[in-house]
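I have placed the structure first, in the form of structure tokens, so that the comments after it can refer back to it.
All chains are identified by letter, namely A, B, C and D, in their written order; residue positions are counted from 1 within each chain.
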Amino acid sequence: MQELINKAKELLANGTVVRVLGWRAGDLSYNPEPAFFETEEDLQKFVYDGFCGANLSKYMIEASKLDGKTLVFLKPCDTYSFNQLIKEHRVDREKAYIVGVGCRGKLDIDKIKEQGIKGIESVEGTELDGPDTLTIKTLYGDKTCSYASAMLGRCHVCKGKEHMIADEIIGESKDTKDAERFDAVKAVEAMSPEERFNFFQKELRKCIRCNACRNVCPACSCRKCVFDSNKFDSAQKANVDSFEEKMFHVIRAFHVAGRCTDCGECSRVCPQGIQLHLFNRKFIKDINEYYGEFQAGADIEARGPLTNYTFDDVEPSIVKERG
Amino acid sequence: MSIGANEEFRPKIVAFCCNWCSYAGADLAGSSRLAYPADVKIIRVPCSCRVNPMFILRAFERGADGVILCGCHPGDCHYSTGNFYARRRMTMLFSMLDYIGVENGRTRVEWVSAAEGAKFSATMNDFVAKVTSLGKNVRLGDLRCKN
Amino acid sequence: MYKIAKENLSALFQKIAGDKELYLPVKNGGQTNYAAWDETVEVDIDTLKTVKSAKDAFFPQFETLYNVKREGKKLDLQQEALKDKDFVIFGMKACDIQGVKVLDNVFLSEPVDTYYAARRAHGIIVAMACHEPEESCFCKVFGLDAADPSAADVATWMVDGELYWKALTEKGEALTASVKDLLTDADEAKVEAEKAQIRAIVEKLPYSNLSLEGWGGDATDVKFKSPVWETLYKGCLACGTCTFVCPTCQCYDIKDYTTKDGIQRYRCWDSCMYSDFTLMAGGNNRTSQLQRYRQRFMHKLVYYPANNNGMYACVGCGRCVEKCPSSLNIVKVIKAFENEGGSKA
Amino acid sequence: MQQRIGVFVCHCGSNIAATVDVKKVVEMLALEPGVVHAEDYQYMCSEVGQAKIAEAIKEKQLTGVVVCSCSPRMHETTFRKCAERAGLNPYMVEIANIREQVSWIHKDMEEATQKAVILGRAAIAKVSLNTPLKAGESRVTKRALVIGGGIAGIQTALDIADAGYEVDIVEKTPSIGGRMSQLDKTFPTLDCSACILTPKMVEASANEKITLYTYSEVEKVSGFVGDFTVDIRKKARSVDMSKCTGCGVCQEKCPNKKAPSEFNRGLNTRSAIYTPFAQAIPNVPVIDREHCTKFLTGKCGVCSKVCQAGAIDYEQQDEIITEKYGAIVVATGFDIIKLDNYGEYAYDQSPDVITSLELERIMNAAGPTKGHLERMSDHKAPKNMVFIQCVGSRCSDGRGKSYCSKICCMYTAKHAMLIRDKYPDVNVTVFYIDVRTPGKNFDEFYRRAVEDYHVNYIKGQVGKVTPEADGSLTVHGVDLIDNKQIKMKADMVVLAAAIEPNPDIRKIATMLTASIDTNNFLTEAHAKLRPVESPTAGIFLSGVTQGPKDIPETVSQAGAAAVKAIGLLAKDKLLTNPCTAQADIMACNGCSTCANVCPYGAISYEDKEVRGPGIREVRRVAVVNSALCQGCGACTVACPSGAMDLQGFSNRQIIAEVDAICR
């Protein structure tokens, strides 16, 4: 972490950048927030640990409009999002100095709480080069849990430790993948239509339509979202079960299909713990199967699968044939 | 226009037809007097690529029991490539609807040329029969749009 | 005071639900929220905080106001019926009850919101003390006692597998009478011990000593003009999570849904974090996220107390602390002003 | 503003009114929000009907018009023009198709009426959201392209050139002339095909307005009516056209004469350097690189040595010529079908079973037998000849074509007559399903064959042709009139093989975005009323590319296509379709997704200052060139924010239709 702070200080001092986009330490041990730093003094509160899961790419849309360069710290998975945003002309590469930061998987406080750990006073061992076990001090006594058991779901299907774009890289990344990316989707596919319907009804009934999934999503970077505009007569902020359960998340997933990098932020931020990645990953799986392997954000030049075609593409009836 | 318990179920079907091939195919079906059920209502669009998945979801939300999209045969698009994009979009959408548990017989894409009046009619007959066999669309409809 | 064994609670719920609607914390898909009780639901009274507050019971996220039906060129307006049946909401914590008090000041002062008033009149609140307060809690800061939810119709405590039950109001007495055969008499000793234990934990909570000095109805100018906001809002994604989990947020929008034969006019929660919140025909008077962000906290900590005899529109439930996608929250705001706000007059 | 909509329900005589309760439709639609006027009339498209619409527009100050009538493909333009004359923007008119989609396909009156009402409601819902649109203008390039250099293409080009416009012919083979140049005589006058075709070919070649690109193919087409851009591939001839004198010495001296002659349908061979036939235009040979020894082995070079003009150029490369055109005429003609599916006729087994086109070459003085009728197997004169009709035509079992090839009855009568005239001792038998000879002097022609020349016509089909050991053929057939099996000996059997569109048409149609039918014939804009136009604006159809026809029909259609093309070229500007895409710059992300799917390159990006409530910034936003946009709408769906919308088919309009239908 100190290395990151030193780099930030150096780049601020030599005028390469005028601000730094990183994470600021929170008031609890697990709630750092995305933040901009403009001075050496500000950087005293800079933090980079296991709870810095937030993908900072999207903040670069606003930062690109500001004068001068911004130093941004991106984890390997964040760089896919950044690339995709470059491709869509939403961020300015010239306005960013990218430091790729190492990652050994990011932590989810809810994963710790799910283990019955309450009244958390502090979590220790979260730093990049920390131990495999977390020590948690609570109002109800000290607890421990393994780092891996507290990781965000997305880290278990990590896309890899390579940064897709960076000016320099600081810190080692670790392979955290210990599950197959599409297993969860396959499990749903294996259900009967009736079961699938009930499963998603139950899952989506939880939605409170807070738009956190949309607003955190780097692909959902529209200046005016269709759900906020009158262009489709789709402006609804009501939490009316039928719409959320059946339409909102399908439309959202479709709008980011072929552009979603599977960064997993939607699932991370959902206050109701809806497994939103099941939608995005389904599209990614279909795209891979029907149109060839495609990873959004891996290659800026590659044509997006839904803005592309071949004469011999599968027909929509494949859905039926596949059963 | 409500459906009583004892009445025979008649589905609501929305058919999006591209102006150049399928709408003309429907016209040919008409001038050739090739009947298909009145449950099918056609919306004319310039090209199958004009059909936004949001339109299809909207139809289901508003109580449609089946939605079919007809366009020119691949390679014959009046705008050269429109139906290629439509094909990918619909494949994705239909797959997603299937995934969330909506009966996949409620959605269909069919390529119908201006000369295929008979195919248009046959397609609609077949689709209506399929949707009728599935019954009312209860999984996607908005409660507020109930009859 | 009465008590009932935990394993007999479902009989209690069945009994209450016999002639009233019953809402209580229910686990669905791993998340606990208030929902109507029936035999099939998974009741979860062990989780301290539901994701959403109990606000929906009185001020639902979505409610129909009226329907307009069209026949030919004639329009027929059909008023939505007001709540006319008693219901019980079981398991509310002290903070959530205080949240309802905040709403009362808004909806029950003239002009009275009849939809809300009807629900308040028919609602019977069965509160529960907070068995194990958590680090995000700070109700003490607002003078609430997590150990003794006294503003309810019935207060309950869960101690050693038994629910202790104490009626506090007439409504509470009546409810108690209706379920009396399931309850047994109990003394208060165990409850007093539980209260002491809860209070001891509350003292140790990291936010319990948060200072509200400098906030309140007189602070408008100082706080509004502070440059602190410029750093605070930067991480905000402009989603509505904080507003929708908050027990006191009361802003709503009224919209029309076009049905088959007319429209349904409904109201739904709105969020001041949304970019179109104050959008009007003539434009928007809040054009930046900074302004929107500032508004939310100024309202809770300055404007609301200014209009409601110093009562804050925050109850310290800590839901925003837990749920904000960017880990921003009202505590961070209050703390940010600790060194800055008061002195920078 | 509250809309004031007028609804006009057409009876279409009894076409609609017999199945749809028109009065009921009027009554129901009058109740729709915004509708201030509703009436019905016998024929809305008639002058009186249109006058009713115009009157209502004026008197009731209508802001929108819905006509419930036939297909909009039929009369949308009529009613739009009517509205325009009455002072209403023509794009404030919507059509509910209650004829093709209702009355003609439904029998139950109640059901049909109900559907008509729903379609009317959808049109009302849509028109309520219509906005006045204004057509833009685009320029017209005063040059036409004719694809195909047969009689159809030649005639079209001559007529266009006659009107004073530049016209280019692209012909795939080394010479213009096409199928007609292979024919010996033509019905019903029996004059020599070459005698009437050659002057036309020469005329085309000599006309200074006409440019010939022979041995060339269309490679790429972009643009739209009035402004097409076409890449033409001029294949390497290996002969310099500017130097060649057409002396023919190279062909004479070419040591490799083993290439099958395409012109003679493979009945004999030609040299590797060749002109397809003596009267070829241009009279410049090409080297068939697949058969040329020089190209195959690197050795030879005889032609180069003997060429006095030094025209041989082995290094010559294909050349791409890019040219702009205002109109394109397709005249790609036909070929006969492959007979693989008709093994029973022994075409592959016996050289004495031939197609009619092969017979043309055999009968032709310049053909493989110098015009002597002889068997290809032993060069003996035949005594008995059998003609089999409808080989692959009018086929219902899926082996051949469902349509009638139209020309076979007449050319078979011609062949039979010519043979009986020149070789009276040859017995000629024709097996037919029906003899179809409508056309001026056609039936008389056929009667002569039967009555004057005693050609033996048998109504019936041939089941099998068996080659015998003695070199003869046995024909097994049925006589349907006498209801008996027939078995007869023949020395030659001639098959009237079905014709089919040139196989290249699929590729060409795709390039032109012109639609083709299931038989690969190009589709007309209207089967009856616009038979020489493709539904794709600026594309015209000439000859068999549209459907089977004989020479006189082909020539007259070629002229008609020319007139349509001339009508287009005569205009300086064209009104463009105003139903184009538009980007709302307030909502545009500038993400380029729309441009990625635009087939016309109509979308570009500009940095524009955007002003709105609390917004004043320079943004990268999409800009649509409405002259290039053809209004397909691909961009509108690709756009994630809905910033891109299509005028005339907007998101909200289509949703309104959906809602009305699902109501």
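Brief remarks on what is shown
The working rule: contacts are C-beta pairs under 8 Å (C-beta built on N, C-alpha and C of every residue); 3 or more make two chains touch, one makes a residue touch a chain.
Quantities reported herein were computed from a predicted structural model and do not represent experimental measurements.
The most central chain, judged by C-alpha centres against the centre of all protein C-alpha atoms, is B. In terms of C-beta pairs in contact, the better-connected of the chain pairs B-D and A-D is B-D. Spacing of chain A relative to chain C, judged by their CA centroids, is 30 angstrom. Measuring from the averaged C-alpha position of chain A to that of chain D gives a distance of 54 Å.
Here the CA centre of chain C is 71 Å from the CA centre of chain D. Among the residues of chain A, those in touch with two or more other chains are 226, 232, 240, 306-308. Multi-chain contact residues, meaning those touching two or more other chains, occur in chain D at positions 597, 638, 651, 655, 659, 662-663. Shown for chain B are the residues in touch with two or more other chains, namely 52-54, 58, 62-63, 75, 81, 85, 89, 144-145.
Residues 65, 88-90, 221-226, 229-233, 255-256, 259, 303-304, 306-308 of chain A touch chain D in their complex. Chain D makes touch with chain A in their complex at residues 584, 586-593, 596-597, 605, 617, 620, 638, 640-643, 645, 651-652, 655. Chain A meets chain B in the complex at residues 188-189, 193-201, 226, 232, 234, 240, 242-243, 246-247, 250-251, 253-254, 257, 279, 282-283, 286-287, 290-291, 305-311, 313-320.
If you check the complex, the residues on chain D that touch chain B are 71-74, 97, 99-102, 104-108, 111-112, 114-115, 118-119, 122, 506, 509-510, 513, 515-518, 523, 535-536, 579, 597, 599, 630-634, 636-638, 646, 649, 651, 654-655, 657-659, 661-663. Per the touch definition, chain C reaches chain D in the complex via residues 70, 72-73, 258, 260-261, 279, 283-284, 287-288.
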